[in-house]
């Protein structure tokens, strides 16, 4: 008896809810939200992993996108469209490609003129295809996989430097910094996570490093989701006599690397992160203590020398009681890019916005070699990594000179 | 309504506790009526994508993919009682084989679909043979299927042959084409293809249950020794079942890749895929013909519903707005409640009620 | 045909004939199997030497493998107990462990105590949590098919992860063990926190062993594991035993959580790291066998580390799964379970 | 030549000889009763002959064909079918379906299997229960179902493991009549393990006595029951219906 009721309810409830929850509000129906009635807010979709294992970054990125919208609205909205206000539609990808895909679809149906996202490369791959097929621009804040823009998509743009740029510049920075210090790097041991990100960085970095005359020592990969110790790998590094340890990985494993370096003392001149998810994160020095002292990371990074960035850091700290990370600054930049394009196109038609984005020329809050401009494939041509180092328990910018807060300390034999 | 399923597969009847009172008679199997119902449902659903708001259509397609996976899982683990916790292996093979053929050799996904079915069936036969040869049962059998799926995932991650962890993008075509299963975004064709595949899968499961092998399978599930004693080839029955189950699930993988345009080892072979194949069947009713589809109908939108509700909560609950993770909490609670309160699944509970009338 | 294998933790109950006299530990050690196992590892280590060409690396791999293996064993102990007695594949075990991680973090940051002090809070709290979960959630699923239990524990894991996410936020946290430095052992190094975790794992295994073998509760638990109907006949309240076992298993996850807290970055999903490996260890050791879990943990730890030396480009998990499948096929009752 | 020849079959478990060098012959159309005290190895012998366990030594020959070590379903397909002492119905399906599956396993088409099953179900007296779920049958019904399912395979040799145990005397009579009819009308050869001596005396052409895994003696029912060794073997043994 009772069970029938429950069964009926279980069956009916989601369906009924889906019927009302899923339907679009009248007025925004129709693909892509073509033209806006005057006074109606222009919608921008923000799609990030708000839950799941990357929630820390995802929530920061969503917060920063919100801050950007607030800032633009406070400054008078989109002036070319009569001061039209922006509205941010937040969505949770849960870090899953298929959820990201259907959420992107939903954002577009609800009238988003552009989407900002998504952090995980696998999710971005999916969303890029959705954006392309719906002809709605997709501004990637963070996702490094080269493959995303290698599809020839017209509607996808990427702010962060691609994996190739990150890895090549990472090797170049190592070459320059070690040479300037009078101890040119010779033999590089590599430790990388086995996903697409770590593997691609390893491949490109090795090629570039070899072309610069360095040799590659032992290479070890690991599963970032399950690894729990690096002492064996570190012993192998130590035994190989390598003078630099390059690490391409995420936060949790980066912490384990630092602990293993401290325990085994592999005797390298430097631990050199390339696009490492840990070594330039503000919480990293606090978490590993002295173990992380001297660690380098060649990575895209917020520009701590830029007053606008400093202001954003303060605002974020005040509002969210947390230190803003680079990923979130990129989300902030992404919303700025869209607002700027709306301003120039004077239209909320996604295809016009797309054309305007392609013509972007905007100063970034991220350390870069030039303003944000997009190349033919949609890569940000201004994007370039800079070199950070943990010095006295803080992550500081050290190279190239124009972004340096202090000079790099090399060699920086860790945990000595 | 269907004779196969009054009991969960691994509860073997204990004669000493069998009730002395006469149980209600089981209705005769009416396969024809099942097929008829299926045909009517299929026809009724055809105009659906033209009626649904466009963003709901993505949910409808997801429901069908869930259903397809669960129908496949249900053949082996429901009707066959061989609990698989590794159907990601077959889903992933379907996805990878078809995409590999498409990207590297320009082969139509329709052909890839067939090749994927064959490869998945062959793989299932192989691991099935090993697991049965070594007489793995219950949780051990389940863990072995899980281990094989994980090994495929790790192999894919470490093989240049399939692009390692990078996976594949399905190339977008300049023009839309039925031959390459690619249509305009939001085109009802996606729904119709998914519907066709799902209806075909359910029809296959009905016909299979009616077939000689299908009826052997139920006997083997109920009592393997007794089935062997009357001459049922136990091993062959189980292997055929596993192969069929794998082939059906691989179809879901092929369609998934064409609909979502992207696969990588985690998306294709990850353990969450195996769970997605199990969930709808258990929620809807294990070892029933309609359970997997009903379960998918409930689970498919559930995520969106909880997310939507919490994004724009009713006034009374507005303090919950924007709390990340809350939607997943609600989802998890609903899941636990449904499984606890309806151990037979939704269809199972409804059917028991009808029968008692 | 093949009978369900009686749980190996319950030899005095399961064994029909033979030694019913006082169960001395040394008399029950399967010496031939131990010898074969040790032989395998000698060969494995020798091969690693050839492959790595460097003694330091191999010594480090062996030491690390043993220490990590201890942690795996620690996590798997509670799981194997639950698996063996309740017949439930508990996917929420890692999530329970994460709860203990957050208990530790909170105590250390609020009270400034040594993380090990958290044992005195985490273990009883987790015991009660486990008892509650079993009584109010899992009791309804006892005797239900495998897939129902699987989904309930998966739902629980999802629930706990996200409650932690909501309560503590997504930012990674960490715990420091005071005086956690490297220690030289046979030319390899290990941190104090790892050695401590390993030591406590062994102590805990011994305690559980004594609990199961020498107490009334333990006897009852073994009886239920070996033969539920029989246990009921002699007047054992099986529902109470189920609850107690699940609570003890969860308390073990609690202890494991406190001990691994200094070794990991603490996030709501951290516990999931251990789930898969713990299952492999449980099967390897024979379900329900606490000592087996510890030994299984050591084997997996060593496999992972030595496997990484053999195949540096491949995922270490691959060798773990290969070993797992081989054991499943050749000794489905686990290395320390009884032959049918 | 005998239809079923069992020669020097042995099997031990963990050093314990469950069946030790057992031989016997069964002529076509005859009925062999196997008796012996508890633990004598009767059920193990059945398992060895029917292929559920592989003998460590010895051969089993059916109609001149060596079937030693055949898988159980191959033995069934070769024409020899066994029933189980602890009944094993296909619990989730109807009585009729239980029997129909067995008929299909013997090669009957789906359509004919249902018809054949209906006839057999009538013949064993389960007609009014044919549409019931088999797990709900009382013991007497399950015993008949075991028999019906075995008959559906159209066996030449039927191995019956205590089909009468657990039945009341009034329930036994029709089953015994059925067994006699099977031999008389269908020419089925029967080998049965039984504790109920009255049934053994009435049905068997010859009797084989097992004790501690070995053949104690064989002969006509009269010879066996009057033999002092047999009486001794049963002495001190609680009469019971439950064998090991």
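Order as written gives the chain letters A, B, C and D; numbering starts at 1 within each chain.
Heads up, the rule we're going with is that a contact is a pair of C-beta atoms (placed from the backbone, for glycine too) under 8 Å apart; a residue touches a chain by one contact, two chains touch by 3 or more.
Since this is a predicted model, take the numbers as computed values, not measurements.
Visitor: Quick one: how many steps at least from chain A to chain D, stepping chain to touching chain?
Guide: Between chain A and chain D, the shortest chain-hopping route counts 2.
Visitor: Going by the average position of its CA atoms, which chain sits the greatest distance from chain A?
Guide: D
Visitor: Relative to the centroid of every protein C-alpha atom displayed, which chain's own C-alpha centroid is closest?
Guide: B
Visitor: Any idea how many Å lie between the Cα centroids of chain B and chain C?
Guide: 32
Visitor: Could you give the separation in Å between the centres of chain A and chain B, each centre being the mean of its C-alpha atoms?
Guide: 35
Visitor: Can you check how far apart chain C and chain D are, centre to centre, with Cα atoms defining each centre and the answer in Å?
Guide: 48
Visitor: Just give me the whole-number Å value for how far the CA centre of chain B lies from that of chain D.
Guide: 42
Visitor: When you check chain C against every other chain, which residues touch at least two of them?
Guide: Expected reply: 1, 162, 165, 170, 268, 276, 313-315, 317.
Visitor: Residue numbers in chain A touching 2 or more other chains?
Guide: 51, 55, 58-59, 194
Visitor: Can you list the chain D residues in contact with two or more other chains?
Guide: Residues 52 of chain D each touch two or more of the other chains.
Visitor: Which of the chains are touching one another, listed as pairs?
Guide: Chain pairs that touch: A-B, A-C, B-C, B-D.
Visitor: For chain C, which residues count as touching chain B in their complex?
Guide: 1-2, 83, 87, 89, 137, 140-141, 144-148, 150-152, 154-156, 158-159, 161-163, 165-166, 170, 268, 276, 279-280, 283, 287, 313-315, 317-318, 321-322, 324-325, 328-330, 332
Visitor: Mind pulling up the chain B residues that touch chain D in the complex?
Guide: Contacts found on chain B: 3-7, 11-13, 15, 18-20, 22-29, 211-212, 215-216, 218-219, 221-223, 225-234.
Visitor: Using the touch rule from the top, collect the residues of chain A that touch chain C in their complex.
Guide: Within the complex, chain A contacts chain C at residues 51-53, 55-56, 58-59, 194, 218-223, 225-229, 231-236, 238-239, 251-252, 255-256, 259, 262-265, 283, 287-289, 322.
Visitor: If you look only at chain D, which of its residues touch chain B in the complex?
Guide: 50, 52, 71-73, 76-77, 81-84, 86-94, 97-98, 100-102, 104-106, 110, 129, 131-139, 142, 149-150, 152-153
Visitor: Residue numbers of chain A touching chain B in their complex, please.
Guide: Residues in contact with chain B: 1, 3-4, 6-8, 10-11, 14-15, 17-18, 21-24, 29, 31, 50-51, 55, 58-59, 90, 92, 94, 96-99, 101-102, 105-106, 108-110, 122, 125-126, 129-130, 132-134, 145, 147, 151, 153, 194-196, 199-200.
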